[in-house]
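In what comes next, chain A is part of two complexes: it sits with chain B in the first one and with chain C in the second one.
Let's look at the complex of A and B:
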């Protein structure tokens, strides 16, 4: 409730936040206005040249499809291209901006068009959750959540006085930190199904055309979670052990059991100390997730590689870098906020 | 002191119980996975009734690549697969796969692989092949301003060569190198485009690649590349890779290929993708 009040109390805001809010609102308003005046898809499609329209008409009669119509819309800027395939490829591209359609086959406009097209594809726009940025964020977040939960058990296991549990936990951490993530991914995707006699695709309905990708996603999620658990376990262990021993002893003197001490005294305090290294681990994970190219999931990296292969354009890596930076910036900002809120009690 | 010990004991037990519970849950999940996995195995020659699932590394132009919308596969093999599906009365579902491990997925993730796969004796031990559908040679591509002459692979002596990993070009060049026939350095890349960029940037001296691909790259970038040599003495053939025991599917596919040949599909498809011969 207090948090809401603070947001509503605009006068109490810091000067910097006010400026930021105004800039963001102005930008949103400008983009909305530009989208409002922009041409529709139907209008854009009519800009195709006579020659191209003739090809499209011919194609409607034949059973083979040669022309690919690509329409990428960000609202304020739209990209449309007609491309035929084969040895004699014909291509026409257009950009719509502020209510005007411009041909974009050469020069600067061509560059802008390419950037719009690449960004659109890397964001996975118009496709399901298993594409582009959506896949990267989903996989990173889920792996980190599952990984951190597992890591608490691993960390407690590692500092446990029971030799057996402590050895098992240490061995787990040693194994997952001591082998490359890519090989762990290969083992889980390729070897595990052979050993246990199942297939990742078989876990989903046979008629589902996306089943292969869902299976690969599940395998990747398991691999990344297990790996993240090992790294987070060390972070958690260090945080728990950094809490002054006197606290545990005081709790014991008050008659608390080990479980109560951990739940009420040690872990709440150590969480604060875990946040900065966990944030670091999260940011690392965003980039580690790009390894899914090896099992053909279409994340930002795979999509940029695909574009590079078919168009031979190495500029494609720049939008990819920008997208990664934006994701990292957003998560760093969020973690910074959490850290600040928790440090109030320090 | 004794109370302390007692507490430690309880702690250990609790954690032990949690670990055992986790192991049991994990075991149960594996069990369920294993069971469902077996149940899904459809008897018959296809994984899925009425659909031919085609494994393809979509990133090998002009055989297979994504169109600009990022979702439509296009290319020689794509058209071939569609025509095949039409002849066999099956719907075609393309499954995009990384080239590494592509053959492991036959029968698991897709029924067949149509992805510019060269028929080799070695591969025949682990999979069936359809009748060949296109002929291909190994070709050497050099930078357009290269003024030496290459009349055979022996002329590559002392050069740095780029090949795509685990392709027949890679196997051929590794053979030459391992037998010490010629002294070359091999840069094995995951994507064929990387090989050509390495050549353009001067990282390597030549690219060894399928002639069908070489011709298209050289034709679309005449300022950068030229085909120096095609080894016509050893033709290679592309075929559809099928599961080792799936002879029924092999027969059906071969019948469809025979029909397509009679109808002149291959002549037309080759002319469309590689230009008229």
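Let's look at the complex of A and C:
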């Protein structure tokens, strides 16, 4: 721990480390700034070799197309020309950076180009909100919001003096914490429609090409919310019970009802104590959401697995890891801010 | 002036926790305008008595009258009679309580602490609540701390806010549960000064305290409790100048 503290305490660093850190940060900032200098799409498409340009020109005359061109806004471009037999004949890859186009068929640039391309696909760029990082963040946030609202009721149920209510709430928590999340997801996605005679896809307009994804998303949202509620209920219960008994007594002595006491006195105070464990739960949830690969939703994990099978590149998981790390870091930072804001009175 | 004899009266009030009997047959009547101090060794049941009055503890048996009306009658842990719920709340509001550990709401400012119950319970407009809160906070001498959070106040200031919070409900009777016991000695004075001010304004008070000086000076009647019973009662003079009974003499000797 002391070691970590020394690292975090910037003022205690040696001069050389400070300089190095500043140089690295400046370099990163410079590279980031340069990467904003984009090449236009036309410029990129002109980057192909003589041979490839010749093939493209010939194709314009014929009706059969043998060249595919993929291009994305991260400055990654790929030409694929097939021979009539269907085998790859000519393949060229380029990367644009800081207004220049570089060939990226071999070596380090090839690696960078691939990673940029994969990252781009995992971010779900060009796709709707139900793809990639957008899906992960949307599903996590919505599930946690719905889950934590449900969990307040569950927690109040658990500490209720009414035996029936408290038993029901405890049973709920026991069930959802005692079974695997993946099976809960399967039950809601596969079993529930069978039992009640509907289909998730059917809930959306016929002819909606995204109906499958929307249906799966809804099922996943329900499963994750119910599961998050069970885990958060324990957090909320602990936070409520950690509030000094005198607070409730003072409220009662002032004539407040149970509901008023909870709403105005106990819950507002316990929320600040819930934030750190809820942040923990949130971070767990970001990673749990990768289970949606089992119901064919295209989140980061599903996309990286798809890329691995289709391109045979086993390094695809590294950008996936980095993306997860960045998401987690951002949310941890946000929760820290919220906690600080809620601590004004302490 | 009032159409009742006692603002609060208990008859044969008993309270036990399991087998431990804490209060035995406590009979006490509080008249309007009276300041009563309850003294006695710790474990004598003084706080429990106060807490059973405003229903923070449920009594085992006995009767509680508020304004000469039977509020609660219990025998052997069974409720024989309880006043109808809608009047019960109004009657409990006749009692304001000040706790040993202040129990201010830490997430509310001083002003909000004094306002919140007026708005939620008395259903006042926030303007009216703010006006009254301002007056009362001024009376306890904290008008420069309106927007401070309790954690920024000293113990004595916090307790004065707690007194203001209870007063803002305009109760007929104030219950003080060892209001100065959690304070540093140099802060006791400011809280006692506020309490003396209230006493001189004719507010009815029931005070559990270890501050004999306060009891001697401000009380109309002093009650000595021992082992869950009222062992002795009388004017401050009776109790402090000419103490009768061995237990009282022992107690006074140990504390003075």
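Everything that follows uses one rule, which is that the second predicted complex is superposed on the first by the 271 of 346 C-alpha atoms of A that agree within 3 Å, B and C clash if a C-alpha of one lies under 4 Å from a C-alpha of the other, contacts with A are read in each partner's own complex, and residues count from 1 in each chain.
As a working rule, a contact is a pair of C-beta atoms (placed from the backbone, for glycine too) under 8 Å apart; a residue touches a chain by one contact, two chains touch by 3 or more.
All of these numbers come straight from a predicted model, not from anything done at the bench.
S.K.: According to the stated criteria, A:175 is in contact with first (chain B), second (chain C), both, or neither; which is it?
M.R.: neither
S.K.: May I ask you to decide whether A:36 touches chain B, chain C, both, or neither, giving the answer as first, second, both or neither?
M.R.: neither
S.K.: Quick check on the superposed pair: does A:196 touch chain B, chain C, both, or neither? Answer first, second, both or neither.
M.R.: It touches chain B, and chain C stays clear.
S.K.: Where does A:295 make contact in the superposed view: on chain B (first), on chain C (second), on both, or on neither?
M.R.: Touch status of A:295: first partner only.
S.K.: See if chain A has more residues touched by chain B or by chain C, and give me that chain.
M.R.: B
S.K.: May I ask you to decide whether A:102 touches chain B, chain C, both, or neither, giving the answer as first, second, both or neither?
M.R.: After superposing on A, A:102 lies clear of both chain B and chain C.
S.K.: Let me test your reading of the model: by the given contact rule, A:212 touches which partner, first (chain B), second (chain C), both or neither?
M.R.: first
S.K.: In the superposed arrangement, what residues of chain A touch both chain B and chain C?
M.R.: After superposing on chain A, no chain A residue contacts both chain B and chain C.
S.K.: For the complex, which residues does chain A have touching chain C?
M.R.: 244, 246-247, 249-256, 260, 264-265, 268-269, 344-346
S.K.: Name, in rising order, each residue of chain A that touches chain B in their complex.
M.R.: For this pair, the touching residues of chain A are 63-64, 68-72, 81, 83, 85-88, 117, 120-121, 127, 153, 156-157, 160-162, 164-165, 168, 186, 190, 193, 196-203, 206-207, 209, 212, 215, 257-259, 293-296, 298, 303, 305-310, 312, 314.
S.K.: Within their complex, state which residues of chain B touch chain A.
M.R.: Chain B residues touching chain A: 7-8, 10-12, 14-16, 18-19, 22, 30, 33-34, 36-42, 47-48, 51, 58-62, 65-72, 74-75, 79, 82, 86, 93, 95-98, 100-101, 104, 108-110, 191-193, 196-197, 216, 219, 221, 271-275.
S.K.: Which chain C residues qualify as touching chain A in the complex?
M.R.: 54-56, 89, 92-93, 95-97, 99, 101, 103-108, 116-117, 120-121, 149-151, 162, 165-166, 169
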